[in-house]
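The structure's right below; bear with me while I get my questions together.
Per-chain residue numbering starts at 1, and chain names A, B and C are given in the order in which the chains are listed.
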Amino acid sequence: MIKIKCCSALLLAVFASSVMAAPSGTFRQAHELGFGSSSSLDPISKGRVFQITEKIMSRLIRPGLDGKPQADLATSWSANSDATVWTFKLRSGVTFHDGSSFEAADVIYSLGRVLDPESGSPARSAVKMIDKVEAVDPMTVKISLSTPFADMPLQLMDYRLRMLPEGSGDTIATTGIGTGPFKVEKFDAEGTTVLVANADYWEGSPGVARMEVIGISDGQARLQALLGGQIDMERGITGQQKVMLSGSSKFKLQEIPTGNWRGFVFRTDVKPFTDQRVRKAVRLAADREALVALVLGGGGIVACDTPVEPNDQYRANITCPQDIALAKKLLADAGFPNGIDIDVHVATLEPSWPTLAEAYQQQASKAGIRVNIVQVPTDGYWKEVWMKKDVAATRWNERPADQALHEIYLSTAKWNESYFKDAGFDDLLSSARRQLDFNKRKALYVQAQEHLWENTGTFIPYTVTKVVGTTSRVSNLDEVKNDAVRWHKITVD
Amino acid sequence: MLSMLLRRLSLGFITVALVSIIIFTGVEFLPGDACTAFLEREAQGKLLENCRRDLDLNRPAIDRYLDWASSAMVGDLGVSVNGQQSIAELVGNRMNNSLLLAFCALLVGVPLAIFLGVITALWRDKPIDLVFSTAAIFAMTIPEFVSSTVLILVFSAWLGWLPGIVLTSANASAAEFFPEIILPVIVVAMVMTAHILRMVRTSVIDVLASDYVRMATLKGVPYWQIVFQHVLPNALLPAINVVALTIAWLLGGVVVIEVVFNYPGLGRMMIDSISDRDLPVVQAIALILATVYVSVNLTADLLTMIANPRLRTLHMRK
Amino acid sequence: MPPTLAVPVIKNRNQNRLFKVLSDVMSRPSGAIGLSLVVFHLVLAVISPFIVPFDYREISAMLMLKGPSLEYWFGNDHLGRDIFSRTLLGGREAILVTGIATPIAVLWGSFLGIFFGLVGGRVDEFSMRIVDAFLSLPWILKMLVLIVTFGTGIGVLIPTLAFFYGIPVIRIARAATHDVVARDFISAAKARGHGRIAIIRHELLPNVLDTLMVEGAMRWSWMLLAFSSLSFLGFGASPPTPDWGLMIADARGFMSFAPWGVLAPVVFLSSLIIGINLTADALAKALGIDRIQKAPV
């Protein structure tokens, strides 16, 4: 007992010293350079470099270590009785990197930019329900919604909704001025971006003096750089690569379940998938446990065709073992006693798609579903194949339950990739949004997911578990999802 | 001589102009444009419209080409997609890096290749020739991605002597690329040395077998005097041509090496800008590479001509 | 071309010559090794589907990155697939694509080259500028534009490779033609009143053919390199096709942990390319052509 105490005291001391000490050392990591020369520091632009914006800008509300909304630049919030008007108290004494202080006008400006249809931000869909943002006083903001929305704080946790100084829109893409723990010293998306510690960060001075975020587009090169100790962190390690790093004392690994999913979309407006029984059969034919093992090397969590992430409070608890007999029966009932032939379109855009297709092909053949894999070019995949071909691979990054269900499954959704039109499902979603009682709301979201399991055309076999590898000199990296990491905490030896 | 030079220069200009037309047409035909490539799933409706308007993609292709060509003539290559940097500067940085890689490789490779080429030719079919000739074939034929990968594994991952991946920014100074540049230089130099070595070897053997060398031998001129006075000067001429072609290859053709080592050269920028449909950048790179190709070839021909008096009169040889 | 009486005679002569050249090639150690390697790979490409022990697509979570064993001779890759089977099959697509594209490239390139070489004048001048324009662009830039437009299937890769690798042949065939034309016997044939086609067939072709044969062999090895490089970059063969370039690209990340994944395809790919080069070398020596090496542009 004494020993434990002593240890924890020591730990505390180490912890305290690491926080108290002046920022020191350089932390290096790579980013994927997804948008080349269109890369930008504007958090709401398509070309945003998330690996940088996450460190330099803050949100009103961030996900805590438990994933629930936590105060960031907003200290507290409350809603009116029907959840249409939300009031946020802002944190006082926070300054931007340029010295100006953070106030209500900045919040109005930052959210206004996202909501402006002309700006064309992809982040707009997360907060489209916002009707008006007003300042009650310099430290209080009132947000009025066009529809009741009980989980508004969840939406404001979106990783793109970062607070910028008022009027900075034209320059933010290169200056990156925010309130985060690090400041931009030099932005060079294709080369090395240099960040330095922001001594005035509201949560305290960061542990690392300098960060270098380096653009390396080739995944193998990023891994080689980590293996050679040239970078300190790599977030895109695959389940198979994990094996290679896990034996070594030079590296630390974190496995973090995410809500990012990969799967196939069977268009519900095209025969034979207009028949709910066929849709269910093609999904029942999959052995999801085996898919996780085969495709991800075990690095994933089985999903039962729900886009809600495993740790989300609204995730429905469905089980979906492979059921070849039932799949066959459903196909026979639908008029296909001899099975069906389908063309599944994949591209190497997502490296795991072809493997997923192959593994699914082998599994589904047992139920008389003969899969023909059609490999199409990566270029133009989203324009020419996805939402065009009858069966195509898809991938999405996690989003709050309500947003995922609305953006991809609602009859009128812009990205309704399976052309899913179901009035009953739409009703469930809109009543859930209006429901202020958490348990009742949860019941509605769960019901919506169960409804999907019976009817959807989207096959979601799993969500991916992210493997983050760091060199052993890195300490205090929160073992949480990307957008909840507290960057000021980390230190390097 | 001067009229020939002018003629070659104007022909070179026509070649470069043709390149720009070919590339413009080629990239125009690609499915999608800079906007659909950037916006991916969001490439619809208003967003797409705005993007196309911002990037000036709505005008007819010919108009855009003429606009581009007339500004390119006066050295204005436009600004990058994000509207922040001049393309001349962006491409110029990459170009410098490619030149740096090429220069280092040539510095190591050319003397080595000439030395080994002469040795293998003089001791033709002897063990030393077999060893280096075989090694040259290996160096030429083993794909660059294989040798690069092996070098990274051995020198970076296992031994830890050299950094495996180049992390230096594109606009860094030459000195900053050391020591990261060493492994890519080794790979490039290996391939290049092998090609030049074989070339030198063949041509030394040719000259050794020529009539005037035989004549000199019969006259009793000492062997080494023949080698240094007659064989080498004549044999090294054709090597100039290979070196010239190699420079052109080094600038644009080492994409694989650049990708594996993350080296910020022209080649990688080229494939990235194709997948981004960044037409102005593709155009600028094609223009530069074509100019380099034309001018190194011209220089090589001129050098050959200066070095070999017999060719001066035969300028219509090719 | 209209059939003429001379055809069987020429064929016969060529056959005899071919035999002589082949035996000369085989008599040189490098030629013997090279040709055996090439023949080995060609035979393997044909019979491999019948002899591989496992299905090359069979993925298995249990076998991921397992080392060589009695059952799986070359080990298993990151998806647990049998590397031995995949390596044996790995040259089929490359050989098929380049094996078809090479003759096409040499044929159309030499046809145009001989044509321009004979015609000369403005047509020749202008065409050479276009050839120069294409040559001055790096291979990958040219290929990517077509591949990105039309996709990566065999149906795209064959014509693309055949087209671009035919262009340098134009130059070589043209230069060879010039060399031959400059010699006396063509003017002699002209003086004898032979027609152009007859001159091409009887005087020009036999003399240019040697150069083109060696050139063809070299083209083939470069095309193989290009194809595997494209696969490596993700623009060539598409998964799950077993292809050496692709296998190397996949296994590269695991090299420090599972080097067998890279080793087997590297040995096979390199041995084929080296075999072709050795053969081309020996062929050049046998034909008595002093081959001028070029950079792989």
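We take it that a contact is a pair of C-beta atoms (placed from the backbone, for glycine too) under 8 Å apart; a residue touches a chain by one contact, two chains touch by 3 or more.
Predicted model, so just to flag it, every value in this text is computed and none were measured.
Quick check for the class: compute each chain's Cα centroid; which one is farthest from the centroid of chain C?
Farthest from chain C by mean C-alpha position: A.
Which chain is the middle one, judged by CA centres?
Smallest centre-to-centre distance to the global C-alpha mean: chain B.
Could you tell me the distance, in whole angstrom, between the mean C-alpha positions of chain A and chain B?
One centre to the other, that is 42 Å.
Centroid from C-alpha atoms only, then distance chain B to chain C, rounded to Å. What do you get?
Between these chains, centre-to-centre, one finds 22 Å.
Can you compute the centre-to-centre distance for chain A and chain C, using the mean CA position of each chain? Integer Å is fine.
That pair's centroid distance is 47 Å.
Which positions in chain B touch two or more other chains at once?
30-31, 157, 259, 275
Indicate the residues of chain C shared as contacts by at least two other chains.
Residues 148, 249, 252, 256.
Please set out, as single numbers or ranges, the residues of chain A touching at least two other chains.
220, 224, 227, 379
Mind pulling up the chain A residues that touch chain C in the complex?
Checking each residue of chain A against chain C gives 219-220, 223-224, 227, 240-241, 243-244, 290, 293-294, 297-298, 348, 354-355, 358-359, 375-379.
What residues on chain A touch chain B, complex-wise?
28, 35-40, 46-47, 117-118, 120, 122, 173-174, 188, 190-192, 214, 216-218, 220-222, 224-225, 227-231, 379-380, 382-384, 386, 414-415
Provide the residue numbers of chain C that touch chain A in the complex, in ascending order.
57, 59-61, 64-65, 78-80, 148, 151-152, 234, 238-240, 249, 252-254, 256-258
Within the complex, which stretch of chain C touches chain B?
Contacts found on chain C: 129-130, 132-142, 144-146, 148-149, 175, 221, 225, 228-229, 232-233, 245, 248-249, 252, 255-256, 259, 262, 266, 269-270, 273-274, 277-278, 281, 290-297.
In the complex of these two chains, what residues of chain B are touching chain A?
30-32, 36-44, 46-47, 50-51, 80-82, 84-85, 90, 152, 156-157, 160, 163-165, 167-172, 259-262, 264, 272-273, 275-276, 278, 281
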